[in-house]
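You will see two complexes here that share subunit A, one where it goes with subunit B and one where it goes with subunit C.
Let's turn to the complex of A and B:
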């Protein structure tokens, strides 16, 4: 018994640390479940889109041009690149390379903001040059702007969150083993990436 | 030794962590983070909405006293049944069974100090009354008129209140999703040492099967509601066929949520029944694992049968058949439960308390509702009675005869744990018999009204149906009086009921091992569990509970980290 408690103590430090470790497990699981339910939200809209798309009038519907794959592909590279930099940010944190972590986080924020800029350009082009709108272009506009807009909103939230994370890290909020905020940010960012892989495939490729 | 070291590892963690007791009325009873208080808040709020929706129900029955109606205008009648259905599902039954009894009881039963995220729990609760007020306030701007299912295109053309309805149900959904996440994490991570999954009380299994449904299915509904809201408010076409949308899309998305939702409304009630029956039959529950796992099977299969609500919506015949067969298949795990409950009663020493009466009434009425469910799953029969009163009879047998009877059983059973006082048994039995007789008088005739072809959702009807409609209406008043007796009982017993002591029913689950009402920290020491709670005549399978009923302070000082 004594051995068990000593081993335990050396692994997690005192009671306050252990409380943090146990709470972190709860938060991690809760956060993953939140991502699952968020995933269901996207899946439902994706189902709606595919259902409407296959309802019989051809795709894209008459009078609407196909989406520009090349531009969206370059824009996607920004988002996927930010997934990589976020991964290295967390890895550097775990290995104690604080400055590298900070730089990787900054790159991630820049790339994420760049993706949002690209999406804003694409929206403007569609609305102004091709007269496609959210409410005025039938189910094409409805499904495209709703789904990519939802995703864009998730990216926007992510960029804000990562910016807060950056400021908190600079202020020394996260130390040693206490970095759940960074883990959560990374998970969320990868989640947003994966959703984009699906959206890119079903809107631009097929 | 392994158990002792398990306790050691908990000593500094969550199990050993007691927050300082909140001080002041607001922090204790209004914005409380204590799962027991939040559970009671849910129960009180839901019963207020229950009274309002019950008044709407009596309005419906009063309108149908005469074939020509005349009590309210047809437009108002549409609003009344739409809000009645929506409120009963989202503001009464689901919050009572998950947020209410779920919060109140299962953390006690697994030996936890609270749920995993107490602040999130408080947020979940406070979204709920706001959403409820939004739903009822839709009457001010013209309430929704397309029934609780709000099928487009009618819901697209409905008055402004329909958008309010969509927003309100969306908010209730957010609350449910957060509750679901909270419950899953609590059940997976915060069970007392020694309480393996297969030693959990069956009420916990009911919640464990329900919580993922809350978390996953509700989000699908959120998407459907968001699309309806966007279409109504911003004109974004999803469901309008004149703009390329599809009304059937709504039906798919709605039922992908709402079929699991019927299991959200029944699985926790199954849990309550599985606690009440062994306690008052003084006999181990029959088929513990079968009851537990069949709940999970029902939860899983619930996601694969949604289109059986859509047999008349132009579903392809090759899709109808698998949905029909899968729906029949859900009868198997449900039948296993009914069998296990009756086998639990078999040869038991049955105490006919009010809680037990409601539990036995539940078995009878739920079985009737389940059997008509099998009828309705059969495509040819469904094509015949779809949209008739047969469907109304079916879902009231499972929702009122099932879920609500379960709620009442739970109220009589756990009221002492909430308040420290027993509900009056005489009034309880009067409540049961008025409710049981009134219920059957109201809804049994609807089966043959439906078979003879009386449609749902109509404010006037063919005079040949008048006799049984009057019979149903008068019976519904009897049921209403029964519910008033219940409210009188609760209000009277809170002040003057008999003191219950910690364990009035000789229950064996963990919530009965601590005082009534429990301390805010639940347990002075987190107990260790060695077996199932249902082995009557064996010693209790817990250690570490010696100090719970004494005046000793909790082992860890409040606020100790």
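Let's turn to the complex of A and C:
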């Protein structure tokens, strides 16, 4: 049913479909504005972190070890890989390959959940083994856990969003012409990836 | 048997980074001439995704993030 919907579109509800097409650009602009506002939110935290980092006597502060670059690089690749699979999920949807789309979406969800698992492991290791915490390690702990935690929350929301997309797609909610939810999901997921490129650079590589 | 997890993680980061980088830049190449705002945003994000993959590769081979140990 869903495959047929992709190929031929909805047979009924032409008025609603027309409204959908007419308002698509508006919704796209609204969603891009949302991403820009999220970008401003992250930027303010990132610049606060960079300011604090450069106003001290070296980084990381005395008594705190550098973060584990090898593990972070591996975990980052999981998230970047999920960006690639999400991109191809959308491409397969556009070309009417429903099963490939579903598999790509499932891989994206698994990789996103894997990244969250990696982040949970890193948090646990930092708090238990290295005694670095959000509340008791000064600027370093506060900035690291706030920024990566905020990003992790975005990833968690993204995983939930993509799971809903998966269920909706299986139920035949989207059609060949009517798939803004999938486009928005792809944009959101790419945004989450790109934010991690910045966070990975400033926390682990410089 | 003593497994060095850091080596495994770095190997995974390099291998995964190469795959993701190739996929991202190939997708960018394929989509280069597509019109529309959303496609331009996708292209920008694919470019940054590819850049992220390069960073992960460089971190994996110890070019970036290779800081001297504190005594």
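In this section, the second predicted complex is superposed on the first by the 190 of 206 C-alpha atoms of A that agree within 3 Å, B and C clash if a C-alpha of one lies under 4 Å from a C-alpha of the other, contacts with A are read in each partner's own complex, and residues count from 1 in each chain.
FYI, a residue touches a chain if its C-beta (ideal position, glycine included) is under 8 Å from a C-beta of that chain, and two chains touch if they have at least 3 such contacts.
Being a predicted model, the structure only gives us computed values, none of them experimental.
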Review point. Fit or clash for subunit B plus subunit C once both are placed on subunit A?
Key: fit
Exercise for review: Check whether A:124 is in contact with subunit B, with subunit C, with both or with neither, and answer first, second, both or neither.
Suggested key: neither
Check your understanding: Once the shared chain is lined up, is A:44 touching subunit B (first), subunit C (second), both, or neither of them?
Key -> first
Check your understanding: Just subunit B (first), just subunit C (second), both, or neither: which does A:146 touch?
Key -> first
Practice item. Would you check which partner chain A:168 touches, where first means subunit B only, second means subunit C only, and both and neither mean what they say? Key: neither
Review point. Should A:134 be classified as contacting the first partner (subunit B), the second (subunit C), both, or neither?
Key: first
Exercise for review: With the two complexes superposed on chain A, say which partner A:72 touches: subunit B (first), subunit C (second), both, or neither.
Suggested key: second
Point to revise | Nearest-approach distance, in Å, of subunit C Cα atoms to those of subunit B in the combined model | key: 14
Point to revise | Common ground on subunit A, meaning residues reached by subunit C in one complex and by subunit B in the other | key: 29
Study note, to complete from the structure: Counting only contacts in the complex, subunit A reaches subunit C at residues 28-29, 32, 65-66, 68-74, 76-78, 80-81, 83-84, 87-88, 91, 183, 186-187, 190-191, 193-194, 196-197, 200-201, 204-205
Practice item. Spell out the part of subunit C that touches subunit A in their complex, as residue ranges. Key: 5-6, 9-10, 12-13, 16-17, 19-20, 23-24, 27, 37-38, 41-42, 45-46, 48-49, 51-53, 55-56, 59-60, 64-67, 70
Point to revise | Parts of subunit B lying in touch with subunit A, wherever the complex brings them together | key: 1, 4-5, 8-9, 11-14, 16-17, 116-117, 120, 177, 180-182, 184-185, 188-190, 215-216, 218-220, 222-224, 227, 230, 234-238, 243-246, 249, 252-253, 256, 560-561
Review point. What part of subunit A is in contact with subunit B in the complex they form?
Key: 1, 4-5, 8, 14-16, 18-19, 21-23, 25-26, 29-30, 33-34, 36-38, 40-41, 43-45, 47-48, 51-52, 55, 57, 61, 134-135, 138-139, 141-143, 145-146
